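In the two assemblies presented below, chain A is common to both, partnered first by chain B and then by chain C.
Let's look at the complex of A and B:
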């Protein structure tokens, strides 16, 4: 980290967060509901990057990966944003409950009320505040607890005697538990926090679709961070093969994301059942341009640009494409959240972009601050030599 | 190129094998005489095949009325068997394409037989739609062929047509991939042959392979291109198969999770079948040095992962059917679990969700007997899964007056059991005449992953 100007990064992130804070205040003064909605999807964007980075670390352990050890400290650092993201998530969800979640209004469940909605009332066993909060606490406790232990062990292993693999073995077990927990909770939390916005609508694929998007965003952020650190000389062991592998991940999971997007869309379009197709109907009518641009960015661009080996190893291409992909997945989240809350009044302005700045600032600050406190190079790992001499 | 491999990784070839011994061990199966187990197994399988031919001929001669289908359940064992076999056919390509991308060296001992299994399973699968046509001699009409019948043309909107393209592409690519890999190994057998007949046959099969650097360079180039083509195929085939159901509006069929969940289920069942076959094959053909307990353990881990994905998908479907608030969706699932086919549903749940979880215990996933039994459970469970999806979703439709059960006739049973005979006949012939391990590829990892080279580090 010596070569990185941490002060500069911190200053930039504080400025970003400050601009964001101001615009959030303005946002609340002008349109409360829109501001809550913007906060939700922007916070989810960065939360997802942190959570999927934790998942990436866990996958490296359970799959006995050798290549990735020299970059593992990067996703580990990105994962440290998780506690901040989750605290913010709790504040936003509980504070903006009635603005964000239509189902949180009590009169929907009262048969004598004029707002009574029999379909939503049928979901009450799941969509009620106490159970919703219990679930949120369970997700958060599991993700935070398990990832905290994994990162702690990984760092502690640096100081263990060389060749001592006890902490590695511990992390292997913890990672397996994390993945099992994540497999259930990543879906369930996306139903809670995102799918329930359009309360009537449902899709069995939704959770996996959200996972694929968060994984792509996270892989992009990992790649960008690695490239940045490498350009500053902070990751001397990272060679073209590591960058190539990250490029392959971004390429492959962009296609996987598209596969899931198409699966969900195609089946609902084909069957054309009213209660299912309304979701897309609304988005196609009011948000056609952003939707199509989003698909072009998230699918067509990585497929065409990252097809060749040379492109996957080219830092400049990865940097530019990565930044565009992040915009693409940001728009995807926008389209998942805003139409359900704001309807055709949704647009992009100070509310949406301002809160993005706030979370981007917080994210950069936390990630780089935590990254600077530990060595960027893992010293004691059974596969470290494979990673240092990695050649694909 | 020297590949640095951590000494922490367990060896993938044991028994201190050098290159010569690997050639000997693999060619032994082709050059020697088969033992009595092979003859017993072949006889049983061949009888199964004869039974299959009999029942298929009977079906073609008398018509689909010989099956147990009725007006409500008009798709049953035929499509169940089709999907079951296609699913089994997924492991080979996953191993040779996706595990290649993930640089999993352990695939090299098992890819050859898994790919062979894939091809035979796809053949078994493809037979079912063809015989279900009633007039199978007209099967070419599934392709969009120019013809003189005016408006006779395939329906491009139908997932059944997409299936035709998906499966024929998959079959072609898998076959070419498998065969290209076999060429250098056939050449080895040719060069070692002592009888003129064998020399002649394997010379023809090896396409004049010379072993020159140029041959190898082309070989590697073709393999890379085919791996690239095969990777999306692993996902596309079962995605399209799932859409045979999911594009409909039938509760229990129409659900968005089907494409990825079918793919996971296919890999799950494919690996179960690979385990079933290889646990026997390694023993009968004395290949324990190459297909080690570690290989079995890795495959068992794939079983846990894919089995758990399938389990999560079951629970997701169950939950969303309730959450949707759609009465018919809800009933479809209540009927599955508690209706007249409850036994099929709970067999599926037990075999697919519960038993694979036993592999969390190291003692079980490294135990051959336990692994073999669980692999059989998964094979059964995945057949029941398709049966549950297909029959329980349609046997009680919107009009209670139409409600019906499905009763298989001896022809249904004969074609299904017989198709297993067809599969094993093919596989046993493969094991007798083809090199069952990709020996020339396996030799590339001797220096990095064989036991005596690892201990030298």
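Let's look at the complex of A and C:
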């Protein structure tokens, strides 16, 4: 870690966040609703990266993975953005409630009101403010608590006596709990925070689809961070096989993401039921070009470019493709949030890009700051030797 | 008939280092038998990268084209079917409903093509004669097949034993 110019990264991230802050203020002065919507999807983008990084760590423990130990400190550090992301999420959701969520307006549930909406009123048992807040608190407490313990044990294990695996076994159990909790809450939180924007519409596949998107973005960020740290000499044990495995992950989950996107779209397209198809009608009428470009970026590019073994190990290809994939999944989230809130008035401008800068700055600052506080190389892990000698 | 020597090993790491030692002394390793794929063995033996992946890509493209041809001919050209009032009569408008077919056919052709190519390259067809001289290498042992280059049999066996082989065998094969 001491080969990294931490000051430079911090300066860059503070500048990014400052630009973002200014644009957020301008955004609120010009169009409040658009600004809340931009804040929501940009924050969700980085929140998803942090949450899926925590999930990645848990998966490595539960699957007894050996290969990933030399890079495990990277997803652990990315996961430390989670508390910041969740605090911001709570502020955005509660502050922008009425701008973002149509269902939060009380007159929709009043049969005497002219705005009475029987469909939304029928969902009141689930979509009401107290229960919404209770769910949010449960998700946040679970994710933060479990991931905090996993990371704490992982760091404490560095100083444990040699051959002592009690902390590893503890983390195995914690990770198993995290994964079960994550399986339910990653779906439920995406219904709450994203799907409920288009209140009339629902999809049973939505949670999985959001999960796949967040996992791809997170894998890309992990890969880019590992490549960056390796190029600076901070991860001497990482070899081509580790990079190859990360490339395989990005390749496979890009296909998985497309599979879920098509599965969701295909059924609605087939059935052509009015209340279901409106969601895609909106997107295909007003956002056809970005939608199709987004699909091409997120599916065709990784499939064709990352197909060969050499490409998966090539740092330059991974860096460029990773940056493009991040843009692709950002557009994906944009198309999930903005059409439902802004309709055909949605566009990309200072609101959307400015708030992206803000969260990107915060993300970089928190991740690298926390990364610098612990050793990047795990010691005393039962699989560390296997990981150092990993070859595929 | 030709005389070949076999060094038999009981551990993959020892096998790997034995291969490297023999290679560095310019011995001619004809074949290595292992019960499971040993990581890094293909590099140690200096094998060229397999072209199976390229072949699989081509098989996949064949399947995709086949699927497009099939769906286009059956459901657009020969007998247009109006399913659920979908936009009909052009391939592009109906493309969404063909995705599962195209997907399945791509995988079908890629997978079967790869398996068949593999069997043909390895000469495994019905009635093929078994060619593995050390049957234990299909369960728990590893064997290196060495061409003796007309060297002294004793010398070859010594070399094999020096690489920690648990046993050496000399067989006459054609």
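The rule we apply is simple: the second predicted complex is superposed on the first by the 392 of 392 C-alpha atoms of A that agree within 3 Å, B and C clash if a C-alpha of one lies under 4 Å from a C-alpha of the other, contacts with A are read in each partner's own complex, and residues count from 1 in each chain.
As a convention for this text, contacts are C-beta pairs under 8 Å (C-beta built on N, C-alpha and C of every residue); 3 or more make two chains touch, one makes a residue touch a chain.
Given the structure is predicted, the values throughout are model-derived calculations rather than measurements.
Overlap between chain B and chain C is detected when the two structures are superposed via chain A. After overlaying the two complexes on the shared chain, residue contacts for A:122 are found with chain B alone; chain C is out of touch. Look at A:173: by the touch rule set out above, it reaches neither chain B nor chain C. When the two complexes are overlaid on their common chain A, residue A:382 makes contact with chain B while staying clear of chain C. In the superposition on chain A, A:308 contacts chain C only, with no contact to chain B. By the document's definition of touching, both partners, chain B and chain C, reach A:270.
In the superposition on chain A, A:391 contacts both chain B and chain C. By the touch criterion defined above, A:373 lies against neither chain B nor chain C after alignment on the C-alpha atoms of chain A. After overlaying the two complexes on the shared chain, residue contacts for A:187 are found with chain B alone; chain C is out of touch. Comparing chain B with chain C, more residues of chain A are touched by B.
Of the two partner chains placed by superposition, A:8 touches none, neither chain B nor chain C.
When both complexes are aligned on chain A by C-alpha atoms, chain A residues 266, 270-271, 391-392 touch chain B in the first and chain C in the second.
Interface of chain A with chain C (complex): residues 262, 265-266, 269-272, 307-309, 391-392.
Chain B contributes residues 1, 3-6, 8-9, 101-103, 232, 235, 239, 243, 246-249, 254-260, 308-309, 312-313, 316-317, 320, 323-326 to its touches with chain A in the complex. Taken in their complex, chain A has these residues touching chain B: 63-64, 66-67, 119, 122-123, 126, 165, 180, 183-184, 187, 191, 200, 202-208, 248, 252, 255, 259-260, 263-264, 266-268, 270-271, 273, 275, 382-383, 385-386, 389, 391-392. Contact residues of chain C toward chain A in the complex are 39-40, 49, 53, 57, 84-86, 96-97, 99-100.
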